[in-house]
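Please find one structure pasted underneath; my questions will follow.
Chains: A, B, C and D, in written order; residue numbering restarts at 1 for each.
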Amino acid sequence: MNRISGNNIGVITEDSQSGMTLSLRESWLFKEDQTARYYRLPLHDPVPVIRAMKGEGKNLILFFGVEDFEDLPGCSLLYVFEEPGSPGFVVLIPEGRGAIHQSVAGIFPIASLFEREIADGFGVSFTGSFDTRRLFLHEAYPPGFHPLRRSIPNTAPVQDTFDKPGKPYEFRSIEGSAVFQVPVGPVHAGIIEPGHFRFSVIGETIVNLEIRLGFLHRGVEKLAEGRSPDDGVRIAESISGDESAGNACGLSMALEQISGTQISPRAEHLRGVILELERAYSLLSDLAGMVTDIAHPVSASRLMVLRERLQQEADRICGSRFLKGSICPGGISERITRESLDHLFKTAGGIEHELDEIATWVLSIPSVIDRFATTGVVQPELIRSLALSGPVARASGSFADTRIDHPYGIYQERVPGQVCEQGGDVMARFSLKYQEIRASLRYIQELLVFTPDGPAIVPVQMHDGFALVATESPRGMALHWVYIKNGVIHRYKVRTASFCNWYAIERAVIGNIVADFPVINKSLNLSYAGTDL
Amino acid sequence: MSITPVLAGLLNLGVVLLISPFYMTVVKKVKARAQRREGPPLLQGYYTIAKLFRKEVVYSDYASFISRIAPYATLAILLVAALLVPVIWIPEITVAEGNIIVFLYLLAFTRFLLALLGLDAGSTFGGMGSSREMSLSAVIEPTTVVVFAAMAYVAGTLAIPEMFRHATTIIPGMSPTILLLSVSLFILIIVETGRIPVDNPETHLELTMIHEGMLLDTSGRNLALFELSHAVKQTLLMTLLINMLIPFGIVQEVSVLGLALATVLFLLKGTALSIVIGIVESSFAKMRFFRVPNLFMMAFFFSVLTIFSEVML
Amino acid sequence: MILLLYPVLTVLILLLQGVQHSHRPMSLLGVLHSAGTLLITILIIARPDEWSSGSPLFMVDHLNLLMMLITGVIFTCASIYAVGYIEGLVMTGDLNRRSLRIFYIGFSLLLFVTTMAFYAPNVAQFWIFAELTTVFSAVLVAILAVKENIDASLKYIFVCSTSMLFSFIGVIFLFELMRQPDGTGSLDWQAILAVASSRDSGMLAIACIFFFIGFAAKSGIVPLHTWLPEAHAKAPSAVSAVLSGVVLNVGMYGILRMTGIVHQTSIASQISLILILFGMLTMSVACFSMLRQKGTKRMIAFSSIENMGFLLLASGVGTPVALFWMLYHIIGHSVVKSGLFFSAGILHRQYKSHTAGGEDHIADLFRMQPFAAAAFIIGSVAIIGTPLFPLFLSKFGILLEAGKLSLYIPLITLLLFALAGAAIFRFLIAIMGETFAAGEAPEQYIVPVWMKAPVVFLMALSVLMGLLMLPGEEAFLTAAVHDIGISGVGL
Amino acid sequence: MITNEVAVSLLRICLILVLISAACLLSTRNLSSLVRTYALQSLILVAIALLIGVLEQKSILIFIAILTLASKVIGIPWFIRIIQQRIRIQQDLHFHYLQPASALMVSILLILLVYLCFLQVLHDLFTRNSLFFLGSVIGVSLMLMGLIAIFSRQLAITKVIGYLSMENGVLLFGLFVTELPFITEFVIMVDLIILVLLTTILTVGMDSSIDAYMNRLKEFHLWSEEEVNA
């Protein structure tokens, strides 16, 4: 294959069967900012370029639609790529004409999800995809209802139009005399969020699992439209309870980038503290959940105590056990006091010590190891094709970490501790999360020592514009893209780590027994709310 | 016709019925303490049953007569079984000429009823619970038989009262056969009453439950009856273990004082055993479903070893 | 008293090897050690008055002197060979330079424990040293630190050591048996031989069977032979030669001694039957396996199993004549087999397979390695028992004796020999026919004289042995048979 | 001092415990509990040696007990635990030929077989005490169960433990059948230790690349750095 460099125009090389591949040309560059390079393709069909990008090792991580983007008419599609070894992202914007596009799901399987999401939201259809079912719109929504279109008013839907359920959702069916299906959910026996799991099992062994989410889709993206940037941050906070600081931080950074605001070093440091605190307590509840699901409540309760202590620290710092309101555009909440931080410093050290003790104990109990080891293996090959990130990817031998690969905020100055586990089973995820909590607690202590004095918050002068920001939430890479037009949010797109990671479960459970599903699910611990935006 | 067997039977039933919920709560309490929780008050078992008795029963649309009679039948069968196991008093003449084999059959019958009940309501989880329960019982049945056979062999009789009488003649803790037998019986208690590491009595994760799965569609008085049956079953098995291993204090010659003392002693021994069960439950994680046969195999091995050591020593 | 010099010599050599850093002095010390062992053995043979006067640690008679003679010769040849061979391994990076010291110390220790095993006066001591030979030879097998070698070595340890534990049960039985009447007793070979006939034969049978399990494993008798092809094929060739030529003899020596004891009692015929059956079984399994082999060293290793089976058969036949020829066969086998492994080592250096676990691709044999090819062919001819070579005589002698028991034994055995011969010739023809495609041929390997000399010596020795009885050989062997405890008229 | 009667019943319990520990060795999948079980098994052997020592009034058994305590209860388990941390294997999940359940079945049959065989052949050897007969049966049974462990387990390190358990069987057998000279016991222990050292170090090599293996060997001080340049 020929590589084309610079502005050379003889661009077309050939690929034997599946059509053309086409390299990216610098002349297509449309905008470049701190985090991403935007290219506008003068072509309607992006497939050859995207194939070429795959050949160069770039990976599709997000793909969404925007109506009335800059001077482009109709619905534009933005393909976001991650480039190995480069902190910046690449965004492709093909010339959008009409409502029919070529699917890229054959190149990047994860694109199928984004395509279904766009199809539901904007009514755009994709040809050549292997899956064209609805994603978040359930049967109750009538055909032709596409809530993200600007023509649909940003109000509650009128109930009586949705009375007649449409065509039922078609689950993948596995045929065979011994195969039978076990539907689980969306309403579960425990107090958890709604999600439907369709197991195909032979005896106790799972041969297929299909997950259906979206039962509590809240329309977060639509909700943000037309709101002021500050309101947007409050909405971002409520995306997922245990990632509220992470999401607030992501959107705030995007807004700061658009407005060109430089926040104070003190705010940078304390944001780091807040983010790591959130990571620590979220992952602690993951650990507790994992041991609960193998019926070892003795260790679970000890872990939950630690989690509770960290959340009380959060409450002491910013008045919210889930750190809500702690991060705002321009800096951090002004109510954070020196005393609460000192208290956190002391607690973090104590918790680290206690956690070591608990984890060593748990990992030496034979029956625990028996349940954890070799259960629910996420194969490393899935990491790229499903765009997996966070602990799920790192437990399968990947070093992917947004804080290191695409450093932002304080992480540009101080590199956090990096951990990686091989194996990809529940065991690997347990010990990985344990080590991440330790690393976070260490990092908090380090930051608290070096936090300078200064203003907590600086005013933000908002301009119109758009920005893409990636943050590492406790569950992995969260992407925030916001487009401010006329001083209000025109479009806000969030991709949480859970959105992609959910599909790792479908692969991880195959060959395991049904009774092991809860612990596998908990070890990946994905957010329903973070997906039902 | 003597009055003694009737008296003994009634006394037995009374003690078993009254004491059973207490032991269940003790186990819960120990587990709670291990988790650094306060845990339920010691009489919680009785409160729960009383509360459930007052509640309305709801039947699934698909439920047949099985769902209606199973709760009563289960408890009734277990009470019959209770007549075979002297708790505090070994009377000269027993009310039921039952032996360990009948006892085994009665236990198996309740299992069967429960499995039917799980299937009856027509829900997925009930069916899954029943299927799991039946596959477990298929593997545990041989083990149970061998454990009981070992008991019978050691005591040289099939009648449970005679076994206990034999046990009183042995110095506790000094006989390897009795020790081995106790290990097997203990495993049997764990498995038969669906405790960790075999089943988790506290889980309501629909995908992992066995016993709870079958009871998922049961409510109100029926649920109360099942809770009680479960407790009675546990007490009966515990009695087997207690009276084989530490029969100390059990009454053979009737006297009111002796009976009172025996009751108190049994209460203490039962509580101690419940605490042990609670501690064991707290220190293991649940086994992977397909690994459970290994546990049975251990019990099987120990029982065979019991017979061996009885032959060889 | 000369024997007491031996541990002193060993300690001295080990100390010197321990402080050396480079290869040459270490390997020359190894040669010195083996040659010293050989010299001491010869000195003792020459002075029979030394035999009985020694410390209680040693027992000297014709049988173990014979074994020691073989050991000395093979070890000397192997250590000379190693000078060139190991250097080559280090050059090509197969053997890490840092492992050299472990190798040479292991080699010296192996020689030491083998010697101690042969000179051991009692069963317990013999057991311990025989067990240690496993340990040290396993170190030598694993020295290349490749996964397959470690695998082979672990297999070797597990199969042999677990079997040896059974032997130890046998030793415990034997001890109990010996001290039964009055509570005192000794495990000395000669003491057991003397009183065996007065002891309970049922218990002796059990003791024997347990005892045989371990030593059968050590000498590669089916079904405990599984370690042998792996270990012999994966080990460096100098080690393979020692394993095949000496360490297998340790097992055979144990079985021989025990057979002698059994022959004092009434259970001799039952035990003999077992030995003959397992001997035949071993031979058949080995011969059929040989037909499938593609690797040079594996082929030779299976041939060792076959010969061990034959030796077991001979010990089962158990007449003085059979045992005479059996000892002769042991000598012949050790000499020829070591020579074969040495030449296979040269071939391996030349045609080393570069894929992990792959077989060597041997081609253009006569053009690339005429010397090794010739040696390999002579060795192959010798090992299948062609006339003019020593193994012919012993096979002939043993089969004649076996024929007196039952005609089927020689018949089947001859058939198996034919099979083994066919397998080896098929293999030879296959490798001789191969040629390299243009440009594929590896660079020619220049064989150092260190490696050639032992091969020449061993081949010459085997031809010499086949052509004529060495002076005193017959008398010595007859005396050795007598030492086993089976007295007879001799030839 | 313990009376004979108590000692005998304690011995019986110990014998049963030995078999229980062997059953655990066959069915445990976790390496650290395997090592712990082995240490416990050796500890029971120490107790047995002491009890027989009391029964038979032999001081040599006390020495054997001390030797066993030092090597098998403390030394070897400690060493294996170190190795285990180095190779970072905690589980031995794979079995060939025999799953734990069937391994237990087979061992029941083996115990029966050994019992019947010994009953046939050796009964007159144990006329003095049936306990000693039982001890030798259990000794050989333990050995055979160790053999099952060796061949049904996949990892070399668990095979090592199986081997050690076999060796315990031999020791038990030796204790009950006869009294071997102390020197023999001692040398066997040395042999055992060498074997354990060797096999476990080789085990380290099994799951690592050659370079990693070399580095690990260095950690054990088997190699020194200066030899690289020699």
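The rule is short, and it goes like this: a residue touches a chain if its C-beta (ideal position, glycine included) is under 8 Å from a C-beta of that chain, and two chains touch if they have at least 3 such contacts.
As the structure is a prediction and not an experimental result, all values here were calculated from the model.
*Asks:* Name the chain pair with more contacting C-beta pairs, choosing from A-D and A-B.
*Replies:* Answer to which pair has more contacts is A-B.
*Asks:* Take the average of all CA coordinates in chain A, do the same for chain D, and state the distance between these two points in whole angstrom.
*Replies:* About 53 Å separates the centre of chain A from that of chain D.
*Asks:* Distance-wise, how many Å sit between the C-alpha centres of chain B and chain C, to the nearest whole number?
*Replies:* 64
*Asks:* Using mean CA coordinates as chain centres, what's the gap between chain A and chain B in Å?
*Replies:* Chain centres of chain A and chain B, defined by C-alpha means, are spaced 49 Å apart.
*Asks:* Counting in whole Å, what is the centre-to-centre distance of chain A and chain C, each centre being its mean C-alpha position?
*Replies:* Centres of chain A and chain C (C-alpha means) sit 67 Å apart.
*Asks:* Considering only which chains touch which, label the overall pattern as line, ring, star, complete or other.
*Replies:* It is other, because the touches fit no line, ring, star or complete pattern.
*Asks:* In the complex formed with chain A, which residues of chain D make contact?
*Replies:* Result: residues 28-30, 32-33, 90-91, 93 of chain D touch chain A.
*Asks:* Can you check the complex and tell me which residues of chain D touch chain B?
*Replies:* For chain D paired with chain B, touching residues are 6, 9, 12-13, 15-16, 19-20, 23, 27, 100-101, 104-105, 107-108, 111-112, 115, 130-131, 134, 137.
*Asks:* Of all residues in chain A, which touch chain B in the complex?
*Replies:* Residues 182-184, 188-190, 204, 291, 293-298, 300-302, 305, 365, 367-368, 370-371, 375, 513-518 of chain A touch chain B in their complex.
*Asks:* Where on chain A is chain D touching in the complex?
*Replies:* Residues 364, 366, 369-370, 373-374.
*Asks:* Under the touch definition given earlier, write down the residues of chain C that touch chain D in their complex.
*Replies:* Touching chain D: residues 21-22, 96-102, 124, 128, 131-132, 135, 138-139, 142, 145-147, 150-151, 153-154, 157-158, 161-162, 165-166, 168-169, 172-173, 175-176, 179, 200, 202-203, 206 of chain C.
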